[in-house]
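Chain nomenclature is as follows: A, B, C, D, E and F, assigned in order of appearance, with residue numbering initiated at 1 for each chain independently.
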Amino acid sequence: MKTYFRNTWLGIYTVLVGMKITFKHLFTPAVTIQYPEVKLKMPDRVRNRLYVNIDDCIGCDQCARACPVSCITIDTVKSIPGEDLGTTSNGKKKALWVTKFDIDIAKCCFCQLCVFPCPTECIYMTDVYEFSEYERERLVYKFSSLTEEEVNQKKLNLEKFQAEKEAQKAAAAAAAAAKPKPDAPAQPSAN
Amino acid sequence: MYQFIYDLTGNVIISTLVTAVFPLVNVLIVALIGVYLERKISAWIQDRVGPNRVGPFGLFQTVADFIKMMQKEDATPTDIDGKLYNLAPVLVFTGCFAAYAAIPFSSQLIGSEVEVGIFFILAVSSFTVAGILMAGWSSNNKYALLGAMRSAAQIVSYEIPTALVVLSMVMLMGTLSLTKISEMQTAYFWNWNILGGATLGLSKFLLIPFMIVGFIIIFISTLAEVNRTPFDIPEAESELVAGYFTEYCGMKWAMFMLAEYGNMFAVSAIVSILFFGGYHSPFGYLGNSLGINWLIPYEQAFWFVAKGWFFILVQMWLRWTLPRLRVDQLMSLCWKYLIPYAVVNLVVIGIISLL
Amino acid sequence: MGLLDKEFSDGNIVIAPVEDLFNWARLSSIWQLGFGLACCAIEMMATSMSHYDFDRFGVIPRNTPRQADAIIISGTVTLKMATRIKRLYEQMPAPKYIISMGSCANCGGPYWEHGYHVLKGIDRVIPVDVYVPGCPPRPEALLEGLLKLQDKIRNESLRKKSA
Amino acid sequence: MKNAEEIFNILKDNFGDAVIALDKDTPTEAVITVDPLKIHLVGEFLRTNEDMMFDSLMCLSGVDDANGKKVKDADGTDIIEGGTLSVYYHLHSVSLKHKITLKVSAPREDAKVESVENVWKCADWHEREAFDLVGIKFLNHPDLRRIMMPYDWEEGSHPLRKDYKNPEFYQGMKVPY
Amino acid sequence: MNYYDIIFYIFALITVISAGFVVTTRNVIYSAFFLLFTFFGVAGIYVLLAADFIAVVQIMVYVGGILILLLFGVMLTNKITNVDIRTGTGHLLPASVAVGILMGAVISIMVYTDWKSQPVETPVTTVKILGSLLLTDYVLVFELLGILLLIALIGAASIARREKE
Amino acid sequence: MSLKTETMVLNMGPQHPSTHGVLRLELKIDGELVLDVKPHLGYLHRCFEKHAEAMQYNQVVPYTDRLDYLAAMGNNWGYALAVEKLMGIQVPERVEYIRVIVAELQRIASHQVALGSNAADIGAFTPFLYLFRDREHILSIFEDTCGARMLYNYIWVGGLSHDIHPDFVKKVKEFVSYYKATIIELDNLLSYNKIFIERTANIGVLPLDTAINFGASGPALRGSGIPFDLRRDDPYSIYDRFDFEIPVGKGLQGQVGDCWDRYYVRVREMEQSLRIIEQAIDHIPEGDVQSAIPKRIKPPKGTVYTRIENPRGELGYFIISDGNTNPFRVKVRAPSFVNLEVLGELCKGHLVADVIAILGSIDIVLGEVDR
């Protein structure tokens, strides 16, 4: 009998206590961020969309190898001696044409592992988080600044250069003992 | 209301129809505003802002919901019992709608002054039960069936404490008519039943605690009858997905929602009629003091609607505060707590009223 | 019921204002079928919570596909799960929309290479309207995806059946 | 508190040949190798003996040792032939606070290990997982079905084996990227 | 024919037709739901007879209580919905004979009774009269019924509480 | 008189509002009474262990995040500890302190979700939102520190990916003082609410010996009344320096080991975590957080099993190294996986609604159960 009345009392009392709390909250200002109108300032270390400053990229492929997801694909073509590719912003000399620098942002797991090994700090994570798309294909970001023709041109150049070199070598070999030939341009690829 | 329109048009059918349209409009408005308010209040309680992008302050949110629901495809599951499936929402809605016939919105604005008003409302609410069972059974879905069973059991059992409290009030007032019950608690809040009724004397003060107990009981049990949290187990989303209307979509589902909100208003109205003076103003009438007699019914309607909404707000407030009970606890609350208290309350009120 | 069960025929009627109204209603009340699968589900929940408040856009979670307008596939879809998703999608009444949230739902995400049990992209099973990238996307990103979906609905026509 | 050597000696005294070896070479933990068909007896002893009281099985892991020779089968795919599959048991005593690691190895082609499900209840799902992903059969297990993979997944294919090849399709869905 | 007649016929039709369906339909659930409409029709007729209290009680007790209980029973016994109740044709003949005799008796009474059709003033409220009658003239019957119901309740509870063997 | 009743099989999930993800429960019910529960897992089997074998040691860390996505810090830490133990790396003092602080913050955040979803399953929606609201504070601290809200990839083998943010200490202190007051509100709103107590007390009682035999750990084990906490009983890192209590289930509202006890243990654990943070936050030594990170992670041949106290219980990593840059085998002893096993035992004889309360009180994360 005692527990019966106690239960009744507790039932009513705790409900009232709860109601008091929620009533208080009825008049607390909302914490909501009114998103499209108000946007939070992102912290400086925030990890969102990857960006590649292709001007600084030397095509070293370290980011692609660091990526656990293999969402970065880099193709490079060796430059021939006459070409000047310029230097990166921190003074490194570029030696490779980056013919392809694709990041499939749909696969990316935003772990930032690719950012650390980059010697020129050209790949980094931005604070852009709004990049939804209607088509899946548009989530593959192509960063290479070279057009298709230019890529073909570079490849052709290299081939021509190598052919010439070969010819020279052949000539040299004919003259003297042959040395091991340089290999075809490295074609590292993550997948 | 009926008389007024009958005088105006002189035609039984037209005046009946017009009278019938009024509660329909009321149900629609209650649902539209109710859903909006529910979302807003839950938002405020939870430190959010709630819908605010559709129209000013999100006012058109429910309108948009409604229009969207109208254009949804009427997808029906394959293995359902078509006839009952289609009939169920209508029946549920009828149960809710019929109750409005006897609710006095003001001394003039009343569908039908039936002598057995309060009993009538209790009775027609059983149509809702049948409709719910129908919906649950015909959906051919285990969740729906379980939800319907729970719901029916719940409504049937909670009718008993409701009826007991109503009985004690009927005993006290000596009438079943809602109009008369309202009329007897004359204007000014100290005459309300919750404060012992209009007749002055010892019994008035003796009654007050028992009236409060009665009010709590009937409030809890009507809350259960309209399946609101903490008694929303028929549609307990974490257990039964959406209870008896799991398989319903589009307008048919909207009818269940309309009925739910309509019922919320109906039970709030009953509570306010029984304990809070019905359509009476708590402070006397502006019409009286200004000498404008035609104003009084409008004032009464205002107060009535205001009281109804107040209790709806309390229901929402409770909903966003409390967890829900389990199905057996719900039953034991009804049979072990509410009914004994209600019976004792009934006896005590009977004794006091004999004094 | 369901006003749009019959398609409007081309020509005869000028239905532009009706269309606008209907599209407006549809885009303002996208009820989502809560489809939390993995990590993204937590961010999806966070989006409905106080700080981001999905409800502002008229989005409320419904638990039954019958009453939902959109699914937000949030998380890794495994082969075991894919058939269920398809079934739930089929149970939804038209018009229905799908937001693919997060890398995993977009294309398998981090699991695309060695994931022997991961479906590589939900679009292999059901048509997707908006892809929200991120792992998991910030709640704002999901909101932006929703706004994109609203844009898409705004330009829909009643004449051809949607989605 | 007993260290691995003491435990090994006690086990050796009690079980003789069933307890095969103590491997102390690993830098972090000593592993006692046990006969796969006697492991439930050893487990029961370890759990109930008053000096041991290993009442909790922390972890049970099935491992493909990949120590057989790599060959090409008829289709030209690499498979591993011979060698062993192993199960590691990490035990812990809540009351005595000591730990021990047991290991059993069974031949790859027909890996059979006694179940310890009725010694430690929690072995149930761990063993199902080891069966599902590595393909070790646990004798006397009450309910040895797949647990992670779908029940209708290709018979006899166990994804965590080192030579596992993914099927092309599952129920009409393309599996590889 | 005024409005009330029309309404009366509507209710009568509802009652008769749904009663017919209750008997003839093969699905138990359907019968139960048709019973709902029968009760509803009967209640309507009560209202037209100015017995509003009885009408309300009819709905409350039969629809709200008995019918729901019935439905519960039917739904809880899982398989019954799929089993057609046998409406055996073999017993059609004796049944129709019995019904025919009964119908004849009723119709003959209807025809041969000397019906007095004079307007009777309907009481304003039946509730009060009912109440006082129940507690004065028919108090014994009332109490007896109360005891009977109590016994039924206790019996049901004791059966329900018995441990399963 | 005996009534023959038929049992019904109710499928809960894989997509069900309260299975905390994609768990399928096959309930055999008699009316509302649960006779048997059969969980079916694997709807989120993301092949972590296969991935770990294909990755280099440091590349596995982002995948560990995705195991128990509510407590990613703990997962990173457990993995890092295992590899560190294998390689014999001693991490700097500063790293240890930061790890303890973020792990305790993560514990609070994880418990908030656990408690919130437990409450939401029982029907109390508002506490759920309050808890998530407070969780945002922690997430914002983490985001400042490492740039991600949920999956951090913060604790690396031998160190941390970033040093703490300059505002870190201030923000954490603010949070600690704010949250101490907020827990009281949670208690009043939910923990002592009569309906909540009715729903959880005496439900799903887990006796101590069953709990140990089933290998339960974390709050599920402590709720049964044994103060077993790896931070105290098998100390790792620098937990032996801090003074904190281990809350255990005492059966305040019912029997020891019921749902309410497990719930309450979590609430009190949040308080203890705040206590640890308070002790640690002022004593973070100066130093470099990345000095001990090896250039190339190539542990010697061998096996290692380490375990840490994650919010859900004992998280163990079993790593076999064959001396290569990739791990040979990584097996995760996921606390939820083991704790979930006990569900069938707990649910027998309860009602359908209780299954949800019990499941909520066990607190599983499917990413970890299925891996």
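Simple rule for what comes next: a residue touches a chain if its C-beta (ideal position, glycine included) is under 8 Å from a C-beta of that chain, and two chains touch if they have at least 3 such contacts.
A quick note: this is a predicted structure, and the numbers were derived from the prediction, not measured.
Touching chain E and chain F together: B. The chain pair A-F and the chain pair D-F differ in C-beta contact count, and the higher one is D-F. Centroids built from CA atoms put chain D at 40 Å from chain A. Chain D and chain E have Cα centroids lying 71 Å from one another. The geometric centre of chain B is 63 Å away from that of chain D, both derived from CA atoms.
With centres set at the average Cα position, the gap from chain B to chain F is 44 Å.
Residues of chain A found to touch two or more other chains are 7, 11, 15, 18, 21-22, 25, 30-32, 34, 68, 109-110. Each of the following residues of chain C touches two or more other chains: 49-51, 53, 56, 63, 80, 107-108, 110, 112-113, 116-117, 135, 138.
Taken residue by residue, chain E touches two or more other chains at 76, whereas all remaining positions touch fewer.
Chain B makes touch with chain E in their complex at residues 12-13, 81, 84, 87, 114-116, 119-120, 122-127, 129-130, 133-134, 137, 145, 148-149, 152-153, 156, 159, 176.
On the chain C side of its complex with chain B, the touching residues are 1-5, 21-22, 24-26, 28-29, 49-50, 53, 55-58, 60, 62-64, 66-67, 69, 91-95. Of all residues in chain D, those touching chain C in their complex are 148-150, 159, 164, 166, 170-171, 173-177.
Interface residues of chain F, counted against chain C in their complex, comprise 14-17, 21-22, 42-47, 50-51, 54, 62-63, 66, 69-70, 113, 129-130, 132-133, 135-136, 149-151, 366-367.
Partner chain F is touched in their complex by these residues of chain B: 42, 45-48, 142-143, 146, 229-230, 232-233, 236-239, 241, 320-329.
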